[in-house]
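Paired with subunit B in one complex and with subunit C in the other, subunit A is shared by the two complexes that follow.
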Partner chain A sequence: MSSHEIIIGLAGVLFTAAPIVFATIGETFTERAGVINLSVNGTILLSAMSSFAVAVSTHSIFWGFVAGIVVGMGVALTVAFSSIALKQSQVAVGFVLTLMTRDLAYFLGNPYMGLQGPRVHNWPIPVLSKIPVLGTLLFNFDPLTYFSFILIIAAWWWIFHTRPGLILRAIGERPAAAYVRGAPVNKLRYLYTALGGALVGLAGPTYSLSVKAGWKGTISGLDGIGWIALALTIFGGWDPVRGAFGAYLFALLQWLGLVLQPYMPNIPSQVLQVAPFPLMILTLLFVNIGNTEWVKRTLAGLPPDARRWATRILRWMQVVPPSALGTTFEEE
Partner chain B sequence: MSKQLERWGFVLLATLVALIFTSFVLVLAGASPVAAYWYILKGSLGSWTKISDVMVAWVPLLLATAGLLVTFAAGQWNIGVEGQIVLGAIFTTWVMRSLQHTNTPAAIVLILAFIAGAFGGAIWSAFAGILKVYGGVNEIFGGLGLDFVAVALILWLIFGPWKRPGIGSMSGTEPFPHRLWLPTIHGTRLSLWALAIGLVSIGVVYFLLTGTYFGLKLKAVGRNPKAAYLMGIPTTKYLMGAFIISGIFAGLAGAVQVTAVYHRLIPAISSGYGWLGLMVSMLINFQAAWAAPVTFFFAALNIGSIQLPIMLKLDSSLSGVLQGALVLSFLLLEGARRRWVKRREEAKNE
Partner chain C sequence: MKIELRNIHKFFGPVHANNNITLSIPSGSIQGLLGENGAGKSTLMKILSGYLRPDRGEILLDGKPLVLNSPADAIRAGIGMLHQDPLDFPPMKVLDNFMMGYPRGLGLPKREAREALLSLAEQFGFSLDPDAYVDTLTIGERQQLEILRLLWLGAKILIFDEPTTGISAQQKEKLFAALRRLASEGKTIIFVTHKLEEVEVLCDRVAVLRAGKLVGEAYPPYNLDDLVRMMFGKVISKGKRIEIPLGKPVLQVKDLAVEDYRLRIEGVNLEVREGEVIGLAGMEGSGQRHLLRACAGLIRPVGGEIWVDGENMTGKTYHSFLRKGVAYLPADRMKEGLVPGLTLSEHFALAQEQTGFVIDRAAVLKRTEEHIKRFNIRGRPDSTVESLSGGNQQRALLALLRPNLRLILMEHPTRGLDMESAIWVWNTLKERCRQRTAIFFMSSDLEEILHYSDRILVFFGGRVSEPLDARTTTVEQLGQLIGGRGFESQPEAAREVAK
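Presenting the complex of A and B:
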């Protein structure tokens, strides 16, 4: 493999990770506000299918994207409404929605299977894309990939360096305290769930109109991505930068699976495709194990030096969820 | 209005809402809802053969649901149930393959195969339990990850070590000799043995959850683990126990699929019954008494919708849409009902 091929491959990793970045950051916003939207996997499928169907019917990429975003917001608002207004379990509703939207996508997408449709074109950035190596690696994408770069920084800035971001974190951690100080907790939860849903919805057309253009029903290869995004939200510790890092790691692993395939003829390609999932469990294990009682007990029994090192390593990996995640809040 | 009547009115309303939603989806796809429902009905209950087909699908779904009710009692979302069915099927196949060309009596082989299946499901479920209890990994993600690992494992076996003479294919492994098929009722695909295993299992789970101290303590753990722990219930043991019992039933579902339905290992051996079992559990609000009729209904929808691609050129995933709409409509209307009751009581108090 030449170095040029490797650079093209790595650029491909950034390109294919864009929809995962959207979904992960969308879910990060939603969960930061205290709402779990478990419907991501089905939502991505339904928004991918709807965007493709709308884009094919209207010959317009723009309306395709609008459709995908609207689907994402609609599903997310169903979760928010059933939790905030109807006090139903977010996990239950999100789970039903993830299965139902998947079947809806397969059912309604049936007539559009295998059709030729429009796709987003590349926008090489003038001058910058001509820089050797870096130009190919960073400045020769379609607008969605650029947007994914901007989104990572913007989301991080919003959550950690602005006043609305502070309020966002507050309603996910201590909603009662935030409410007393004047934050309209439930209104903001609707807002951030809709925003998160819109970003998850954006992942759909990013697949069906760009990264994996077209709609191929059950073999579209999108089933499972949403679960990865949900796991990356945890892996990222509800931090957009760390979550995006996870998305790139995932895309890199998938690419390596493809590249290494010819060297491992005994392993069927389906096995390599699912390889990132066991890694997902392992990473979740690493980031969560520090929270368990028995680890805390074991640490307390270690000699001081070993304890300091073990604690430092665990701290570095450990993530702690927003403390009001998944709960409802009565504004009274 | 009596409580009973109110309850049935609620069920009727929720079902109606789900049907209206699904009809809207059908119209959107340019199909006639009446025709679609008619073919689903005819394709599931239209003849004895069809009804026996529904019962073939009913058994594994009932087994998966039985297991899930145990983990739900302990407050756990055992999403790994799909993978547990797959592992049950793999372990069953392993025993069958090892013994098929020996002169071990068929009955012994099948009994060993079922024990192995239950064991396989239990191991996979225990993994999810260990990840949750000792690793702090949320059981939804642990289970889901294990689902994907199970899929990789089954594909590797079918295309690798267990492939058919010549080349491995999605059609699965070489079928077992006829003598190792679980006997079926003449002219149908239904095995009374499998049916008995399914019905006994849900009976056992019903008894376990409503008639034993174990069930009572398990529910205490599910409601409030900390309080249960302070009351002297060994929480960790009960959680692990729930996962293992749940896995046993899921593993049996896999064993039924291998020995009674497909007579070989296929990639889609779990047929999505794990996911469907989760939906049923939510729909029946985790009450074991309702599991048998509702799983039968869901199985009928699955079998009936096979007619849709044949008769109306529609995708058979409509059954999933209708099932999802049902669960969602029950959840949302239940929320609305409680809100309404609360409002009414507040109005009375003022």
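Presenting the complex of A and C:
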């Protein structure tokens, strides 16, 4: 493989990871506020299908995207409403919604199967895209990929460096304490669930109008992505930058699966296609290993210096979930 | 600012938590609010801080009616409250906690906040590291952080709900000094407590609540007997020291070393005998908890040995300790001791020796009713544990302990309990001692340690003193040791591991 091919391939990794970045950061916002939206997988399918259908019918990419975002927000607000107003379990509602939206996508999408539709075009950035290597790697994408880069930085800045971001972390951590400091906890939870849902909804059209343009029903290859995004939210420790890193790692593993296939004829192609999923699970296990009792007990037996280093590394890797995740909060 | 509460009523279901309370508090004074657990003090203060809305009645601030629909309204009116359990964010940094709730702007005023935090801390003699994580702070330090935060927000009325629960004697001194100073600057302080001594040394005036009603007000010099009578409707006292003859050794700790990423304690040698009570004193986070947890099998020691009843238990699990008759009662009753959502009878079913597959409802119910009666728990077999008051939760925990235990390890056995409940708890524990159980407990209440222990270990930054005889030790001696005086002579005893 030439170096040029590798650069194109890596650019492709950044491009195909964009929708995963959207969904992961969307879920990060939602969960930071203390709400678990488990419907991500189905939401991506339904928003991908609906935005493709709308784009085909109206011949407008813009309305396609609007449709995808509206679907994402709608599903997310259903979770928020049933949790905050109706005091139902977020996990149960999210689970039912993910199954329902997936089947709806396949059922309602039948008439649009295999149709030719519009797709988003590349916008090479003038001047910058002409830089050797870097130009191809970073500045020759469609607007969605650029937006995914901006979103990572913006979300990180919002959560960790602004006053509203501090309050966002507070309502997911200890809603009662946030409330006594004047934060309208439930209003904000609606808001961030809607925002998160909109970003998850954006992942749909990013697939059906760009990364994997078109709608091919059950063989669209989108089923499962939502679960990966949910896992990445946790793996990323509810931090947009770490979460995005996970998304790129996943896209890279998928690409390697494709690239390495010709070199390893003995391994069935299915193995390489499926490999990214168990690899993600192993990564998750590794990140959270410091929490386990047996690791703590093993550490106690090490010599002092080794123990101190190991403890420090484990503490750094350890992710602490928002304490109030999945709970409801009643003012008064 | 002058506050008036007029005819405040608050109901929780059938419970009349506040019954027609009228109270007027002038500015620049420290108003005590005294009452036993469940008297309605916290409810009244939550109403004044906007956290709860009264069912009837009104609040006047400098003569003007004030409507509080949320804590945000109270903050705008200059009313700030420190809750009994600090309502802060343990996994976040001190500075983030300090800025949380700052009402204006998009960006975080980090530099401004840091300067304000440090200068306010200096004024009050607090030492707080803005970059430390709150979960590494003691309760006392978290409280100091909350005080500074409220002052930064411009609070003129500060409510303290049982602020001395769980803080060290030194921190209490600092807190009281800070409160006096705030009052002298014209701020209004409301101090909620169930401890008479604190009212006596601190408050300019006191109001006593009992069963939701304001039963009386008093001014210094206080007549403590009158206050007790108002609080309980009768006179009670701690009673005499109970002496119990000691039996054979139960627990032997030999050259024990325990550590986590913050602290290391080592060189602990101790023998505890049947019927003996050992009190662990020291500032919160000085290593007492580590020792208790190691003796319960919850932490694996990094050196030394633990023997229970002549068997080497070093490195064994919690369940092996449990089988040897070692029980552990943690400080956080709801988090580690009881299961929220389960009823009392379900707890008794869980605690029983596991025989058979199906729960024998009738037998469990009978057992639960017996225990409710014997331990005087105010609740029904089908009440969930979180619906019980703190005192009743502690009674339930004690009732859940198996008979014939060898060793009971306790963190703060009477934290947050009123005098009557505390005396009851200790009578129950001493009854266990008569049945040859040994007790090992930590507490920040020096009186409790001196009154109920046989011997005392003092902890200071991971160092452990030689056992002291509780009969011949005074509060002053204990206070000095807790502050670290007297530890210089034994530098080889322990060292602190750098973070």
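Assume the second predicted complex is superposed on the first by the 324 of 332 C-alpha atoms of A that agree within 3 Å, B and C clash if a C-alpha of one lies under 4 Å from a C-alpha of the other, contacts with A are read in each partner's own complex, and residues count from 1 in each chain.
Here, contacts are C-beta pairs under 8 Å (C-beta built on N, C-alpha and C of every residue); 3 or more make two chains touch, one makes a residue touch a chain.
Because the structure is a prediction, the values reported are computed rather than measured.
Peer 1: Touch test for A:Val180: subunit B only (first), subunit C only (second), both, or neither?
Peer 2: It touches subunit C, and subunit B stays clear.
Peer 1: Give one of first, second, both or neither to describe whether A:Pro278 is in contact with subunit B, with subunit C, with both, or with none.
Peer 2: Touch partner of A:Pro278: subunit B, not subunit C.
Peer 1: Determine, under the contact definition given at the top, whether A:Val320 touches first (subunit B), second (subunit C), both, or neither.
Peer 2: The answer is second: A:Val320 touches subunit C but not subunit B.
Peer 1: Count the residues of subunit A touched by subunit B and by subunit C, then name the partner with the higher count.
Peer 2: Higher number of touched subunit A residues: B.
Peer 1: In the superposed arrangement, which partner chain does A:Arg297 touch: subunit B (first), subunit C (second), both, or neither?
Peer 2: second
Peer 1: Going by the contact rule set out at the top, does A:Ala85 touch subunit B (first), subunit C (second), both, or neither?
Peer 2: First partner only.
Peer 1: Is A:Val93 contacted by the first partner subunit B, the second partner subunit C, both or neither?
Peer 2: first
Peer 1: Who does A:Ala17 touch here: subunit B (first), subunit C (second), both, or neither?
Peer 2: neither
Peer 1: For subunit A, which residues count as touching subunit B in their complex?
Peer 2: 38, 82, 85-89, 91-93, 95-97, 99-104, 106-111, 217, 224, 227, 230-231, 234, 266-268, 270-271, 274-275, 277-278, 280-281, 284-285, 288-292, 294
Peer 1: Mind pulling up the subunit C residues that touch subunit A in the complex?
Peer 2: 49, 51-53, 70-72, 75, 81, 83, 87-89, 91-92, 96, 99-108, 261, 299-302, 497
Peer 1: If you look only at subunit B, which of its residues touch subunit A in the complex?
Peer 2: 25, 28-29, 77, 131, 134-138, 140-142, 144-146, 148-149, 151-152, 155-156, 159-160, 168, 275, 278-279, 282, 314-315, 317-321, 323-325, 327-328, 331-332, 334-336, 338-339
Peer 1: Which residues of subunit A touch subunit C once you look at their complex with the stated criterion?
Peer 2: 161-164, 166-167, 169-170, 173-174, 176-184, 296-297, 300-301, 308, 311-312, 315, 320, 323, 331-332
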